[in-house]
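The first chain written gets the first letter, and so on, giving A, B, C and D; residue counts start at 1 in each chain.
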């Protein structure tokens, strides 16, 4: 069993065809991602429209992703359920299916208190046997967890061993690093500050960008690791227009549009999400040409 | 069929017993609310933990609430679904069950664009035949709809005829009133500014407070309507500590705790929500004594 | 000596001609304001460009305003100095000149701590013998004082007896009213929520609006006092477009432009402030026609 | 005449003794800063309490700093005046005194519009013959200038050739770098993100930290320049507790307290600023021990 992860964790989208998951396209995407040299595959994250799938769909995507990757790389499965009961159920299922790690966000209707979040994770931890990654994403969850609180969960809740930080605040990463003396692995979840996160000591970068940028995110990570400061800067600014675009326009929406431009028929995101409009699709096409 | 509403729209909680909906307690609560002189009953709002019920529970609460009220007052049913498909399904069901109005929030995982929100409401409107109330609640939905945008939906989408404004910004109500020349009914959804909303021309006040404050919210509304400025101010400041408390501690959590103090066994909210802790329960008890 | 104030406190602008204060225009403006039935005259507030005058100008405006009003109404003088030393000096001068009240803001370069603000007011209070109005304006001062803190200054610092609240948050006024049991007079300093402030128990409204709206602000205040709820609402929404305009475009800038449109040559604001541009001046002209 | 700058720009405080500037201490501080290997000396910035000095004091500090440095390093002089007239006067004086660069912030009472800011800088530029550094500091100036706007001033206003970015948003630096293709030198003005700024391409770091940290900021800058990624990270996290402390407690306040701990009698900041309290002084002492 893996204890931790590092490097580029590549997020898949969930391709649809006639509003059904299109597994052939998903498999093609997985193969393509693996070929770019990423270090892990993550299914059912924000980019994967986790919140818009029904139970059967979610289970099938988890199962088939794990089976198709088939040990070539570790597989992370994302869980963003509104009730603790459903979150536990999905965690147990992911465990049974053989996921290497689950990534859990405190998604909610009401913004949750720290005590409520703690108990939510505690319940999930008690039901599984693989590592849990705490996922802080204030934009989708309405709550911004402090470094102290996340680290207290890492210390006190058995399966929790990693943090994915998507608040976009580099200071949060400084705090995680400082307070844990660099011992708790944290991952960058905000594409727009990837260079900063890696320099600040992130163990890796959770991103859907390899779907569109291929091996470039891994090259950036390697440049930082090999202490090639200027090369890292050049690689980062080269990728930044695309990274900013997919963050601004929505991950599922823009990555699916980009895949379609690249000839991979990932379909549209699920309503209420709408496909990228014509003008922005043109803008994205022009952006993508720079990375051919 | 009613075209519009006004006055106090009283929100029920969804009582649980052993994690199952306790309809006897719900019926008792409905009777009590009706006895306080409120003008409508709203089920499955934020206070009703709409987002934490599964499909069967949601349907049963909607059906039994409508049947039990049985025409004594109009019934509003709240819809906060992540996908357009499920929102339409619940709207259709509410329609069939005989709800007088549905209240729809653009709840989402990703913050939605105006175009996405518009299409979401449009799809729902096309599937039902009763009035729709647009529900703006940035805290739970992650998106704050402008007055212009909400009014454009009132103008262009057939069934939409009312707005519930819960941003807490009184200026938003000024804008709705000014831009619509006072013609589009809007309701206050932020307990802490009830006095201001009513003075600014709100058609009514959507609130779970009657569960704990009985006829006091209606008395406040009447004081404003009868131009009793000083009485209204006195009534408002009298209620404000309780209103602030339930907003701050979470509606489902605090209203259930308060009902329990008052002898109505509404149970605990559903996890990840936690029951009010001991210290705050004591604080709430002391607050409630002022309203005996 | 007056102990407190109430009603409409009308703020003057500081008219310039060739970058010198034009006292003839100031006198005309004062006479006009008094004729509209306001309850006090306030010089050297934000609208009066207090921060942009040198020491001699400031002193002359204070002196001549007090002398020209000549007891017809109370006169408030605004103090927004960067150092405590200069603030004390101006306060002492205002006292000697016969100002009835000084209004003091914690204007600063660095945002100040509560302890620093307290000492600043304490030093001023020790140097004067007239009432001090605490002026909370986060937009210009970079610090937003809590209700608890302002009330602690009212309780503990001798001359402080009133609050001008310009944060624009109606909840702050609720807190001041609730925590002081309605005993500490507070004034609305945010034009856009005048109706709300008066209904929430404000002792009055500090505003430059009478420069352009004549007796209308006083009529609104009277309607609230006479419990004419609907009339108050009508009067408020009638004034709101102009109130919103002057807040949005800057008080000195827009009030001077409006006075010029009305035939009072108040000149331009002082650089870096710029006169209203052509398009907005046209917009203001059209707005003002509604109040003829 | 220098056209641009780079490296560590060290900010002095303005030492006081009996509320008068203590030039002997200032000279000692300047010598100490130069000995740490910094690349320029900056007087009369935020740390130098520029806004709290009267005209004579300001002029004397500018003059004596320039004369004492005497060409050993370039000298930057900070200008943060409320009126354009005074800002121009101080700029002209700095020019005559031989300052190498002036750093100008759009300090104001009212938040200024872009048009007002542009004209303010334009007037200053027309009056001087040395380079101007645009200083973006939303905390003290109440306005946050966009990258586009600042770059438009660099392009269109003759003397403006550099930007000091203190918004604390690393994305702003990304935008400056991207939009100018790395051609416009920008400096980090937010100590807490020094590592990020340097990696993102900043020409240097404007900071008062060398007053307390000696040669450490320069070592960090060199580590980034020499592509020593891990060393840079280690140096940054080593300095971060002190950097965070001085940002949080106020630059003038905390740097003066720290100098005093180190045996340099820089005195207290000027009221309303207060000296660091006892508990925080103890905390600062403990922090500083780590850097002996």
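Here, contacts are C-beta pairs under 8 Å (C-beta built on N, C-alpha and C of every residue); 3 or more make two chains touch, one makes a residue touch a chain.
Every value quoted in this text rests on a predicted model; they were computed, and no experiment measured them.
Counting C-beta pairs in contact across A-D and across C-D gives the higher total for C-D. Look at the CA centroids: the one farthest from the centroid of subunit B belongs to D. Subunit A and subunit D have centres, each the mean of its CA atoms, that are 39 Å apart. Subunit C and subunit D, compared by their mean Cα positions, are separated by 35 Å. For subunit D, residues touching at least two other chains: there are none.
In terms of inter-chain touching, the protein chains here make up one closed cycle, each touching precisely two others.
Checking each pair of chains for touch leaves A-B, A-D, B-C, C-D. For subunit C in complex with subunit B, the residues that touch the partner chain are 170-171, 174, 177-178, 182, 192-193, 195-196, 199-201, 224-225, 227-230, 232-233, 237, 240-241.
By the touch criterion stated above, subunit D contacts subunit C in their complex at residues 46, 49-52, 80, 82-85, 106-113, 115-117, 119-120, 123, 139-140, 142, 250-252, 270-274, 277.
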